[in-house]
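Read from first to last, the chains carry the letters A, B, C and D; within each, the first residue is number 1.
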Amino acid sequence: MIAVLKRDTTPEQKEHLIQWLKRMNLDVHVSHGEQVTILGLVGDTSRVDMELLTSLEIVDTVKRVSEPFKQANRKFHPEDTVVEIGDVKIGGGHFAMIAGPCSVESEEQIIEVAQAVKASGATILRGGAFKPRTSPYAFQGLKGEGLRLLLEAKKATGLPIVTEIMNIKTLDMFEDVDIIQVGARNMQNFDLLQELGKTHKPVLLKRGLANTLQELLMSAEYIMSEGNENIILCERGIRTFETYTRNTLDVSAIPVLHELSHLPVVADPSHATGKSKLVAPMAAAAVAAGADGIMIEVHNNPSCALCDGAQSLTPAQFDQVSRKILAVREALL
Amino acid sequence: MIAVLKRDTTPEQKEHLIQWLKRMNLDVHVSHGEQVTILGLVGDTSRVDMELLTSLEIVDTVKRVSEPFKQANRKFHPEDTVVEIGDVKIGGGHFAMIAGPCSVESEEQIIEVAQAVKASGATILRGGAFKPRTSPYAFQGLKGEGLRLLLEAKKATGLPIVTEIMNIKTLDMFEDVDIIQVGARNMQNFDLLQELGKTHKPVLLKRGLANTLQELLMSAEYIMSEGNENIILCERGIRTFETYTRNTLDVSAIPVLHELSHLPVVADPSHATGKSKLVAPMAAAAVAAGADGIMIEVHNNPSCALCDGAQSLTPAQFDQVSRKILAVREALL
Amino acid sequence: MIAVLKRDTTPEQKEHLIQWLKRMNLDVHVSHGEQVTILGLVGDTSRVDMELLTSLEIVDTVKRVSEPFKQANRKFHPEDTVVEIGDVKIGGGHFAMIAGPCSVESEEQIIEVAQAVKASGATILRGGAFKPRTSPYAFQGLKGEGLRLLLEAKKATGLPIVTEIMNIKTLDMFEDVDIIQVGARNMQNFDLLQELGKTHKPVLLKRGLANTLQELLMSAEYIMSEGNENIILCERGIRTFETYTRNTLDVSAIPVLHELSHLPVVADPSHATGKSKLVAPMAAAAVAAGADGIMIEVHNNPSCALCDGAQSLTPAQFDQVSRKILAVREALL
Amino acid sequence: MIAVLKRDTTPEQKEHLIQWLKRMNLDVHVSHGEQVTILGLVGDTSRVDMELLTSLEIVDTVKRVSEPFKQANRKFHPEDTVVEIGDVKIGGGHFAMIAGPCSVESEEQIIEVAQAVKASGATILRGGAFKPRTSPYAFQGLKGEGLRLLLEAKKATGLPIVTEIMNIKTLDMFEDVDIIQVGARNMQNFDLLQELGKTHKPVLLKRGLANTLQELLMSAEYIMSEGNENIILCERGIRTFETYTRNTLDVSAIPVLHELSHLPVVADPSHATGKSKLVAPMAAAAVAAGADGIMIEVHNNPSCALCDGAQSLTPAQFDQVSRKILAVREALL
């Protein structure tokens, strides 16, 4: 870590700061320049409060030379992490096709969708049981019953399942869930992350709507620092000023996360765009940028002809997208 | 609620949609125009899934005529809510000066700061016991011991206390806390909000870093829908592209929230700007815009001469800011 | 256009507004609902000042049913526009590979790069002569001499050239330039757009750093409204909170622009990411999402071994990216 | 300027970079640390291309120790600049009340408004003759005729006038204008800035919708570097995710600009909020934060009862806001 001190810092102020840093067991190397003094801090700087240091009157700027995330960092773990769920693998060249409905609605619905997406190449079934909703009056999911129906669909198809947790208190209910999803709004629910770190369940961690990639990796670090290394990162769109799409899928997050971290990265074009028409081009784009998996909403509601243009694809549309994705992957091998 | 259908919608599609809406117990008024068809939906539209409706192929646009928040809405509750904590009141013309250290560090520290800020006009003591930190390796607060020290400071000074909760499981520990704070990162931790709604404790709800005011009010609605109406809204800065300040205090949020809602609104210039120099002008600005209270970080660390320029004010600086705030309030009476 | 009036609007206010709208030659259809009154405005609403209308006290919301852009709109021009520059075509299935250095530096440099990128499949040469720089003290380009060198490179290789204009007064100097580029910071320099509309030169119009796609299309409309239909839209990255990349390439802009408009769309991964390592994955992603062309920075500076990791690719790296792009295009045919 | 090199930089790469920097007439001080090498660059670093330097593979980070703006910098010019327009002064304790209509519409309108706002304390008249409009089909202002009418109003009231320029070619028409305004969309129209720098007219420079304060000051530097020091900075709202207000007035920009620069700073609450109801609280907030002036839209259209809630104030409303502003200023003396 490097701290640049302002030109008009007095020797006493410098000495005060250096003593304060040394009390944190850091070695401090001082370089006196014409315009500034530079302090090089060596040792375990992960405990240094950067915000406090930055806010000191005499400090011009503070720069971490090493990233603040360790276990999620590719520098200390050069090989790709491969998350394994039974026979299904994600990362290190293994690609996961995750598909299913937004919400679990009925046994018939979830089993039909599961069978359909499996036939089109899906390797993991998604479906929401606990639904985070902006309004307290909106449908909040079937909850425990939704989890039960997902497990029925797993039994019927053999597909492992991924579903979202919203509350530490419900962790026991997720015992048979294969991958626990942490939603965008809970990305910095640090207590939830720590509890998940104490399990050994794979966690699919979604990026928050206005969070940086470093913040996403720090949240992964929260889970890993408790001992759980089975993390799948998920880019699901960020908030921008564009209104035509619900959010903006940050495709560049995929190669950047691969550079910074060894963890697998999947993309969710359904939630990012909010429009079924955009799922195919954005899924193809994410795969072309190197995604280790794609997560797509598929519904199965033949009576609801209206829903055809919504965020979810029909099974037939998913089948086409699935072929397109595989074609792009082959082209890039 | 109004839904505008696209020009090329077929009569069958329209009929499908209308039937679907009617099954939600809504009256549907249809206006056929030259370019579009407009559906006016009357009834309890708070359960209508706007995202789904918007995403339908045949729907051009959906507009709520009534805001989705009810209990937080000034339309249905025209008089200002006054939150009372013993003798201290916030809202409806009652102004709260909330001050104290970022983190509780020791009994001596918290009691000294409490006495100092009380002498300068503070009416509520703030102090962090559970600290949300981006890094799992950073200091996370004194936790239970921090709560105990805050209660000592309350006993010594008579000031009611406000401190942050991060985890539903710790709710029991907050029994003697006067105001429970929900931090920006937990603004959409919906399960936490619902649990707080079941208590009758005043809640200080901070706006998320990239959230709209409607989203803030929907989170207040989560608490209120469970029966707790003692909510204080807090503007604490939003994420923008400006890097000189840590965040950007959205001063206009204050009059807008007052227009939309009857709940009291306080501003936190310390966290918003991250620079002690900016606390005085931004506190004055927030008061000039009508804030019902100001929340300011004050430290008391005479040995740490370095800290003078940090985010926190010294007691002497706080005394000056306090006078300035009161002068602006008087000028606007 | 639809205007929703608030519930408490008086009959006199309604009548005033309706008369005002009729004076703009609009037909006004009134639907009285229980909660609101809806005005449907028929006629040429492109002259209605939406901001003024929206800001009226009695108006709840205003919604354009038809997009405010006409000539750029796919609804009125369903077939793809193909921009032709001699034998080179862009749009409607024709793909353009645009490559060259950031700035033109010398005759040797620009001719060498032009020959190298042509050999790797580039169809258009890019190079900056007038450079928009944040600082008045930074190198502003070779200006007129830069244009002359670009024309030399065109003569030597046969590649048409694209280069940026910053100032209406210099338009005469662009007579032999094949495509005139309007940079992101000039996207809403409306007078410049109108002047370019009076020429018949192809214009490559870059999206502003914080502009919506509708604003980009309105800027295209400025050019088209003066008679010039040869416009190529360019997504070059938007400003977001992510700091690892210089900007964020909004890949979803590509399919959205194709849906809304008939104009060709190219992507510039070099400027968007600011890192040469990210050019290959992001170029592949943009092509997978349907881009009609890719614009890539290539330098040729064997003496500057340092520059290898910068934003620009070496000719050898460009050759690889070019192959990758073509492989993705073939996979998606 | 400080450049931090990555740990794995080879001695050859370091030497290459140092030679390259020395060729720019910089002294390079090298500090070898355990983790990194730090280069301190002394000399005129304003010509160093930070983007290029940052993008080099071996460079971890680059930090300017001195701000890139010189003439606008308070460090080199500690006293406040006072811009004088005849008897009217702005800055250094002199406060300017700027008021007038959005657009000049007729002689009667502009003279009536000018007389009204003068009576309520306005010291400068504003009014748009050339209007930047997102749509080519919207009213673009009375142009030359609008300038003529403004000059009539100046003659009738003695108020100096401020109005916007959009195009270098029209500069001659602004000979009798007292203050030339550069709008938010032209903040980085660098050629326009340079031309204005060659005049000695006061320039009111508005911050762009998504620009940082440093970028605003760099644009001021463009004007100053050509010799014109009469610049008034204007905060007029930035683009955020909030939709209730048109933009978000960044009140903290006022004290920050005062810290970084000696130039006067005014705020425009009318354009920032887009709602007349918010003008009074936000004008008061800006003044409380230290603004040197406030710019407010006032219309005078007794026949248009509808317009009462729009962005502009009536003369009577302006009179109240004016009193409120003065009360806040007095309280803070």
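One rule holds for everything that comes next: a contact is a pair of C-beta atoms (placed from the backbone, for glycine too) under 8 Å apart; a residue touches a chain by one contact, two chains touch by 3 or more.
All figures in this text were calculated on a predicted structure; none of them were measured in a lab.
J.: Count the C-beta pairs in contact for A-D and for A-C, then report the pair with the higher count.
T.: Of A-D and A-C, more C-beta pairs in contact link A-C.
J.: Specify the chain most distant from chain A by Cα centroid.
T.: So the farthest one, by centre of C-alpha atoms, is D.
J.: Just the number, please: Cα centre separation of chain A and chain C in whole Å.
T.: One centre to the other, that is 31 Å.
J.: Please compute the C-alpha centroid of chain C, do the same for chain D, then give the distance between them in whole Å.
T.: 26
J.: If you average the CA atoms of chain A and of chain D, how many Å lie between those two points?
T.: Comparing mean C-alpha positions, chain D is 39 Å from chain A.
J.: Quick check on chain B: which residues sit in contact with 2+ other chains?
T.: 210, 239, 241
J.: Residues of chain C touching chain A in their complex?
T.: It comes out as residues 210-214, 238, 240-245, 248-256, 259-260, 272-273, 277-278, 281-282, 284-290, 324, 327-328, 330-332.
J.: Under the definition above, what is the set of chain D residues touching chain A in their complex?
T.: 2, 4, 29, 31, 33-36, 38, 40, 42, 60-61, 63, 65-66, 239, 241
J.: Of all residues in chain C, which touch chain D in the complex?
T.: Residues 12-13, 16-17, 20, 46-47, 49, 51-52, 54-58, 68, 132-139, 166-169, 185-186, 188-191, 194, 209-210, 215, 218, 221-222, 225-226, 239, 246, 274-276, 304-311.
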